[in-house]
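Per-chain residue numbering starts at 1, and chain names A, B, C, D, E and F are given in the order in which the chains are listed.
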Amino acid sequence: MRANRLREIWAAGGAAVNGWLTIPHAFAAETMAHQGWDSLTVDIQHGVVDYQAAVNMMIAVSTTDTVPVVRVPWLEPGILMKALDGGAYGIICPMVNSGADAERLVKLTHYPPLGTRSFGPIRGLLYGGPDYPEKANDTVVVFAMIETREGLDNLEDILRVPGLDAVYIGPSDLSLALGCKPTFDEVDKPAAEAIDYILAKAKEHGKVAGIHNGTPEFARKRIEKGFQFVTIASDARLMAAGARQVLQTVRA
Amino acid sequence: MRANRLREIWAAGGAAVNGWLTIPHAFAAETMAHQGWDSLTVDIQHGVVDYQAAVNMMIAVSTTDTVPVVRVPWLEPGILMKALDGGAYGIICPMVNSGADAERLVKLTHYPPLGTRSFGPIRGLLYGGPDYPEKANDTVVVFAMIETREGLDNLEDILRVPGLDAVYIGPSDLSLALGCKPTFDEVDKPAAEAIDYILAKAKEHGKVAGIHNGTPEFARKRIEKGFQFVTIASDARLMAAGARQVLQTVRA
Amino acid sequence: MRANRLREIWAAGGAAVNGWLTIPHAFAAETMAHQGWDSLTVDIQHGVVDYQAAVNMMIAVSTTDTVPVVRVPWLEPGILMKALDGGAYGIICPMVNSGADAERLVKLTHYPPLGTRSFGPIRGLLYGGPDYPEKANDTVVVFAMIETREGLDNLEDILRVPGLDAVYIGPSDLSLALGCKPTFDEVDKPAAEAIDYILAKAKEHGKVAGIHNGTPEFARKRIEKGFQFVTIASDARLMAAGARQVLQTVRA
Amino acid sequence: MRANRLREIWAAGGAAVNGWLTIPHAFAAETMAHQGWDSLTVDIQHGVVDYQAAVNMMIAVSTTDTVPVVRVPWLEPGILMKALDGGAYGIICPMVNSGADAERLVKLTHYPPLGTRSFGPIRGLLYGGPDYPEKANDTVVVFAMIETREGLDNLEDILRVPGLDAVYIGPSDLSLALGCKPTFDEVDKPAAEAIDYILAKAKEHGKVAGIHNGTPEFARKRIEKGFQFVTIASDARLMAAGARQVLQTVRA
Amino acid sequence: MRANRLREIWAAGGAAVNGWLTIPHAFAAETMAHQGWDSLTVDIQHGVVDYQAAVNMMIAVSTTDTVPVVRVPWLEPGILMKALDGGAYGIICPMVNSGADAERLVKLTHYPPLGTRSFGPIRGLLYGGPDYPEKANDTVVVFAMIETREGLDNLEDILRVPGLDAVYIGPSDLSLALGCKPTFDEVDKPAAEAIDYILAKAKEHGKVAGIHNGTPEFARKRIEKGFQFVTIASDARLMAAGARQVLQTVRA
Amino acid sequence: MRANRLREIWAAGGAAVNGWLTIPHAFAAETMAHQGWDSLTVDIQHGVVDYQAAVNMMIAVSTTDTVPVVRVPWLEPGILMKALDGGAYGIICPMVNSGADAERLVKLTHYPPLGTRSFGPIRGLLYGGPDYPEKANDTVVVFAMIETREGLDNLEDILRVPGLDAVYIGPSDLSLALGCKPTFDEVDKPAAEAIDYILAKAKEHGKVAGIHNGTPEFARKRIEKGFQFVTIASDARLMAAGARQVLQTVRA
């Protein structure tokens, strides 16, 4: 089975730089994939993307060495398994709020005996190779998003779940949940403390910690702090920011 | 009929700043449209876009005041008329090489008695309004691209064609045609002279001159020189450039 | 943030006339949007529509002042939040059967502290404006469908839920649930009484009442009775009815 | 090979009632197909439709006995042959202006020895049956649109072309070409006379005459005059007209 | 209402041969439908297919007498009802693990009073006919997949549920669940015994038994054993197997 | 620039085995690409495929080492250049009937000074690499189809055109043109002689000869004769043939 570059980077103690895909078209995804991201996440949750577009986008990412990851809209069996069958090498699941949530997530994303994932890895076989069935459980990575007060309260229960590879912090949702302003980087103090706490606990439990960032500068700082999976920007945001800058310059 | 902002800008002696759409999805187009471009051109020629996507993109642009323009792949009746029926308020036609080409372009894009455009402005009526049939001939703008040696040689024949509103320079193709390196801004001397010549002649004949640019800085210079329609960048290029910059910063 | 015309109409004591979209294409939606509906509901439940089409349809509706509403297929977190992120200014949720259902609906459709909606209003920001995050909770409207016996029995529990703006009656389902023939207008007596009861109770609790109708004549009567949101026909039904009438006339 | 109902109707001296498809989706086409039209024309010329959508629409029409017809955007080899390969049982070609145009049209739409249509009837075989290759030349019907002054002037040259089955009048374009107001039914006198002339000449040459109508009442009159193929309305127009009527009634 | 050929075959004591659709396009589905399958199942679970594609595929299947069936991704109300509204005449639901699951499945797929399916059979009416509402409950067939240890343990509870028409065995998942190698035909002994047991119990309870097969030879054997619904291969597998064989031969 | 494997195979004196794509979806194309074809041709001429689908299919092919080729529907500038910009490494153009046709084909597919291809290789840059502009002329291969009597008569004029890399024989069209039955392999004698003649002349002029085949056995024979590019079957035919075989076996 094709190795998962995310696992290789992490095994070497490094941090993966992850891009974000919200435009539901293969060409946009392929363009992003050619820029050198370690992984690209198709965001079915907040992106304007559904499953059929996500498959085309994963195909596009598969023209390069960038690892295809999917953020599902919810901890729901149908979409979790469809994302995996579609060839995702990583799953980010939003709003994992308890140990039970995390257990359910692990169960749905792994084949027996570890889990109850249903068998039929149609595009996984194309992307991963013929030994996908035997090796998928140990190759694909699964992230639980910690972004609610409940999730924070139950963090250790979540981190104790075997088969969960990583946690991923959504600073906006976490901030909102803690009564702070929703932002990615310069979050309010309670959110900042929660982020530090999650990072520390993840390390303690031997899990990778990932986080969403607004700027590359902030992502670097977080890598230095110990985050091993940092997301920056998104296809649409990069395009919009570039457009605004162009218009400002030409009209200055 | 809804007025054409391009005509208004030009009538006031101003220059329109035009963006470029090559990603075949409405959401990408809508995101671009919200950044403040005067017009956005759906590039069916070199973009990864065909007619069906172009219609969705024009719908997306129509959520804002930005003027929807289409670059057709070729001086071909079917696509020229379909682009107009789809609601394009501007048409950019590549490789117009002679007065006869320009006449054909004008004929195909205007209703009788000026031209032979076939009647059936299905989305034009939605976007333009119920008096579209009477006013389309005077509202829509038509650009002939001057980008070959033949086009350069026949420039005045082209500029003399009544009903043609503007010329549009493709610096890459023009450069290639003149044996120069293909680029948008710092073109080789023969190309630079040809550009100046086209601009001067267009003004002489009372036509608007437009041009493709690589950077906003260069677009400004060209506006100062007298160009009244300047294109900068494209959705995919802005996204890719932004991504490269982010990756460079985070990995620096 | 762009105001919600539904709220404006209701604040003025008026009734909104709502159309229904079941054909999964932007052009059909745009054509409907240009006819003057106060709002148009993209029906992801019984329409032949899924999320990706729904986004294109909302973009098409956004070319006009008509308010985009979505009926979700079920009280499921993923699709509720995706519909909102896609720019819906109203949500109609089928088969809300209890106070708990209604509370869940309100929670999932509002940001903290009122609810737990996850943050990432990607197209909401384009359609609503940059202050969408602060104002969405007070701008978007949420309808609970009352259309089962259980929903009828628990009506007051449902109406007591803060943050729920309106109830919406599906006369067919309600009729079926009460053992009556499934129809929109001339419903059997038990269904008719249930409809009157729901309307009265909604008013008592200060909620807007909406209902699906088969004919404009019936919709008018219901407006006179106090309904402030009336749906009539659908894109496909209007088309089919028109076609049958044409064929009858030409073959008469 | 599946028989062509249009030929059967004509052979029996009857007139076919044709509907018009401009919404690029299979479900809209299927809904129309279930209303009882003799044939339905996918309008790739003025509809918001391209080839890929047209195929899905023809598939949808093929769920019923209604005959699938395609209006191509232009007398262009690629799209003419693709429409036929996609299973069209009728082709309407716009702006056939001379005998040479008509000959080219016949050549491109028939296999050798009559024409030069390229072999590869991929969906034609599914829809028509395994003997499609031998029988297509005698089954498919081809219409030349007469809608320009040139076409009118060369009418008899066009009608003399063997293999052309029918002419089809576009009253709007014909009116515009003759300096009249563009409309379908109550055309100005010069257009009315031209229509009568075309009908008479078509009959004289043993060709079927078809025409676009605005209302079923007018279509009936034209059937009585001798037209054997009458188009009325379109999917989008029926929908829009129905919507306007509903809104008028409910707001009256 | 159009009769369900599956019920007719079963009533006659026969076995239906079912094909499998995983390529999300109408043309692939139409091509398969023309080969003579009794039914074709659109696999929204493990196929690369979502709802919007599934509708187009069902339309394509509806051009023939082959019965359109849908396998949903999960026992989730939204997709179950959307599949039925889209015209499915059969539903296969994965991982039905208990009597409660089976009851929920039956409830969601039948109109009152038997169930709580919401009313709005938009494409069901086109495909089935105007009496669909009255007859759907007795026409559509519902399969519960038995493919987990839990499902096996609760088999009789599942089979006792009124309104459930059939069980369907997924040999791969069942094998995995029992600690056997995942395969379709030559399953390990525990899985083979489980399959025999399910077949025997289904017959005892008067339910149809169906099963997924890898080869036609094995499917025949299973028909002889008493299975009345056998699936063989899939569109993509047939294509891939054919391609490998061609390449082997040409390069031999 | 990524090398063109077709050129490498030919340079080594070998023959490339080419597959054929007619199903307009990326997943079908990706499945085919994983079976080991040297190249895969997206058939925009007789496949049910248009440009937008072709791009997605080329992206899918680009996940493997298989070379993406496009057969255009006609010798038309727009689609020829769009196919190349979309990343095609080979172009097959139907019905090249004269030296002038071949010259036009070469001109449109090569940048100046060799040709007049317009500059804007949007996806070519992603697939080929940043030096695509300089190297495309020498990397991409262009096939002229010889399949009419005229093409046969003018064969040497065609073969003399510099920049044309290969000829490709369509045995069906060629057979029809010569009054023979349309088939791929066991063609009638006049067609067989024409095929031998084309092969001999191509070799004489140093051009590669390619041909469409019905069976792998025949393709092998033709490789032995000297053909260096052999196409066998297509996605849809392989699927259909496999399905028929399965049904025959299970029902035997």
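The criterion applied here is as follows: a residue touches a chain if its C-beta (ideal position, glycine included) is under 8 Å from a C-beta of that chain, and two chains touch if they have at least 3 such contacts.
Everything quoted here is computed from the prediction, not taken from an experiment.
Participant: Which chain's centre, taken as the mean of its Cα atoms, is farthest from the centre of chain B?
Facilitator: E
Participant: Counting C-beta pairs in contact, does D-F beat D-E or the other way around?
Facilitator: Contact tally favours D-F.
Participant: Using CA atom averages as chain centres, what separation in Å is found between chain E and chain F?
Facilitator: Whole-Å distance between the two chain centres: 39.
Participant: Averaging over Cα atoms per chain, report the distance between chain C and chain E in Å.
Facilitator: Inter-chain centre distance comes to 34 Å.
Participant: Hunt down the residues of chain D that sit against at least two other chains at once, touch-wise.
Facilitator: 22, 24, 27, 31, 34, 48, 50, 52, 55, 76, 79, 123, 236, in rising order.
Participant: Could you please write down every pair of chains that are in touch?
Facilitator: All touching pairs, sorted by chain label, are A-B, A-C, A-E, A-F, B-C, B-D, B-F, C-D, C-E, D-E, D-F, E-F.
Participant: Using the touch rule from the top, collect the residues of chain D that touch chain E in their complex.
Facilitator: Residues of chain D touching chain E: 26-27, 30-31, 34, 55-56, 59-60, 62-63, 123, 126-127.
Participant: Please give the residue numbers of chain C that touch chain E in the complex, ascending.
Facilitator: Residue list for chain C touching chain E: 22, 24, 43, 45-50, 52-53, 72-74, 76, 79, 94-95, 147-148, 170, 172-173, 176-177, 179, 182, 236.
Participant: Show me the residue ranges of chain A that touch chain B in the complex, using the header's touch definition.
Facilitator: Per the touch definition, chain A meets chain B at residues 17, 19, 22-25, 27-28, 31-32, 34-37, 48, 216-217, 219-220, 223, 230, 232-233, 235-236, 238-252.
Participant: If we count contacts the way the header does, which residues on chain D are in touch with chain F in the complex?
Facilitator: Where chain D meets chain F, its residues are 50-52, 55, 76-79, 81-82, 85-86, 111-113, 116, 118-123, 133.
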